[in-house]
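By letter and in written order, the chains are A, B, C and D; residue numbering begins at 1 in each of them.
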């Protein structure tokens, strides 16, 4: 039994095995309580209030910003913009920075294992500006050779858009080296940290990311809060994206001047309660500690891969090294469509994902139309891994094969 | 004592008077519980899940969409797009519909009393497309003459962007007539319902709005969930706005085809818990009933205006008729800056707003740089009005005037 | 019937040993049906003569539910009139939406067992694929007939 | 000191009967300071001779706190050297951020009472307006001097 599990009300029911953490995590009591506490004691529209609740709401919101900045190693709190999710953060960069600073003939380097959220916005920028998308191709195990990186990033490159950890294969990329290559050629690097920030210590300053994004809901926080980190000088040079209340200084009939960074990018009433939940989640993760998180994930992944190896007719994708998975194991069962596999497992109250995982270019490259994905977090247990593999071992029989 | 007040944990402390409901409302126990229940029993990433929790999360999310559609009289649930707030909804319309369908030389009619969130996105569209902003001017009491409306809406008009209820003066506009004028000239009407949906029965079909937006947090729901209604044929003709996960069908390296409306407009992991909270809020409002809400607001407004009339040196803006205020009363105290007034009231635990209320063009037109605003909702009480006016009556003395 | 039972008793058989999965010799109409998000991709092939479905088959790939559902559908509609087939399709789709009556559901024979899927939004598209494709064929067919008759007026 | 007390005992007097609110005859430097969101708008006017602030005034409009704070600031800095004024400004701004020591705060005399405002984010810009404007004047002034001396080298 994992001691942390008790903090997660939904996980207290031992009948369910939740292995879809890369899609969204569960929320601990501490996060739910922090949000409740906000609504019960200081809920108000922050930032413009002249009364106690609004002042406290402002403090709570800006405090969450400070905490988030520290969490990912940003130099200043004002480099943190709160959004709805990683997808919105990436769109903000594409719409605001991309449409302004990318020119015809520029190249945007995107890795083939990107999530759709780090592909589609760049397809839009390419279309609107006349820039060209250039694809970083991965090896059979999902890794990227530095040679490929050095070849594709050139003086024509304006943006490198890349995930620190793939949501399909779980493999971390050498972001610091890729960032250095990008900067050598005068490009910026946009790092999708949706699958890294919950699992590894992130230091945006050390990796020298120009932009870094992640979603709260994949890191124990409530849905509806996401983060964009941007280097101060880049954020300052960018035009606003969404416009409206809270992000202005003066508005006349014809024009407007904008508030300072980061408020310039936070139009309309902010999700203060969501930010408070994120701050509580960061505290919780801090208490658990990334050492324990990595250790537990690696232990569970090693066990899972070992057990999967004992079941016939199973193909596991990606690296052979459990340390290279961030808790994500993607596989297929011969002759069985992933959706049927997931449905059969569901009958045993096991939650996994099946499909293209919002990474169709990668699956096209892997030449599979869909896969199963089990993704674990620190609150999962070895017992769950055993129960999962026991259930999976029966799937082919359940689907009519003579096992 | 108002029986509903007991449902709002934060309002149970009788020392505080919360009169900033136009900025954001408080949340009843029922809404907080619905969100907790979601996280404790069915939290998962909806829409792509193949297991029970995800199925239930999907049902909860899509159920909230159905409920929202019914709440505002939309014909189909698919005409409801969930966003973060009204501001994002308006930006979505401006970026997607506006940049695609507004042409050089077209006119965009905006009322002078609009909130910045319904002004700035249209300034952006005007700048990007070469269209022209045309201003509807109001009367001294904040009302709009049909004559002015008929004069400004012409065959050159492509969009009419207008709030059903002003957040400064509280005055409802004859949207049905304005929509008819817009449609006669082949224009669309974008209705900002941020201040109407919480206070009056809305029927988008009856008013014939092409787009209608509001924010959950001004209607008892959590922060971080907003609504865009759009007529099906308009939504279908529009390109997506944010792109990424969950809103696609096929993605290739060069291109993508998009999911059906409304999912086309909901990129990335959705805020299912927020939608669940909104559904609970709509249920709660349904139980209270708009008859009671209007009655209570009108009663409180009438009392407040009467009591304000007894205090010397006070100017109340807008209509003389309490029924024309949707609970919003904007005023100034001679010789006292609104920020000082709010600070003094805050010392008595009274929460009001002071400033430009994100409506600088209206304040420029009214020739004041800032005002005080008290905005009430059905859970406020006559006793609070008396205590508020008693405190306000002392403000000039507190600020050093011989009362 | 629980889900595993549904697979065991009905779906697997139709998926692994389909009666109608092959290319028809001389179909009068062929339509492709695709579920982009799952990758289900079938071609439905029918021979329609004088308003009667005299033969039919499907081919392609996809999950067990999409394949089995298409196979069961062909069991039901071969030998029926276009009208009857359309009515069945209508009942089937309503069953999946949870809107069909007991009696209607019984009329679908074996395919009635698929009603379980109505509780699985992610699988609804799979189970519907064959039926929706059939519905589109019928609609187009009628439209062209209607067109024809208008011309004759 | 609670907020009402702060108004009553200090702010109101400086707001309603400011000592330094008028246009200076021959300022050596004038700078406008604005808080867009509140509408506070002052012009700070100083006479600086040989590194000494020999006279000063402000004019404009705004909330009581912005006006009173500017008036109190002028009480403090007139007759002081630029350096001393800058140091006071630094202490004042740190006080509002909650980062000044007891001793430092005491050195601000009456203006120390404004520390209350540090708990009111919406008023922080008001209380800072005069001080920030003064700080900018000093910075520019030094920059031009530094420039000057460099030229002489």
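Here is the rule we go by: a contact is a pair of C-beta atoms (placed from the backbone, for glycine too) under 8 Å apart; a residue touches a chain by one contact, two chains touch by 3 or more.
Computed from a predicted structure; not experimentally measured.
K.L.:
Which chains are in contact with both chain B and chain D?
P.N.:
Chains in contact with chain B as well as chain D: A.
K.L.:
Which whole number of Å gives the spacing of the CA centres of chain B and chain C?
P.N.:
Here the centre of chain C sits 46 Å away from the centre of chain B.
K.L.:
Approximately how many whole Å separate the CA-defined centres of chain A and chain B?
P.N.:
Their C-alpha centroids are separated by 31 Å.
K.L.:
Counting only Cα atoms for the centres, state how far chain A is from chain C in Å.
P.N.:
Here the centre of chain C sits 39 Å away from the centre of chain A.
K.L.:
Which chain D residues touch at least two other chains?
P.N.:
In chain D, 37, 120, 122-123 touch at least two other chains.
K.L.:
Among the residues of chain B, which ones contact at least 2 other chains?
P.N.:
48-50, 54, 250, 339, 343, 346, 355
K.L.:
Throw together a list of every chain pair that touches.
P.N.:
Applying the touch criterion to every chain pair yields A-B, A-C, A-D, B-C, B-D.
K.L.:
If you look only at chain B, which of its residues touch chain C in the complex?
P.N.:
Chain B residues touching chain C: 47-50, 54-55, 58-59, 62, 249-250, 257.
K.L.:
Name, in rising order, each residue of chain A that touches chain C in their complex.
P.N.:
Where chain A meets chain C, its residues are 336-340, 343-344, 346-347, 355-356, 369-370, 398-401.
K.L.:
For chain B, which residues are in contact with chain A within the complex?
P.N.:
9-10, 16, 18, 20, 23-24, 26-27, 32, 35-36, 39-45, 48-54, 84-88, 90-91, 95, 112, 115-121, 123-124, 133, 135, 215, 217, 222-226, 242-246, 248, 250-256, 267-274, 339, 342-343, 345-346, 349-355, 358, 360-361, 364
K.L.:
Taking the touch rule as given, give the residues of chain D at its contact with chain A in the complex, in rising order.
P.N.:
36-37, 119-123
K.L.:
Contact residues on chain C for chain A in the complex?
P.N.:
2-4, 7-8, 12-13, 15-16, 37-39, 62-65, 120, 122-123, 126
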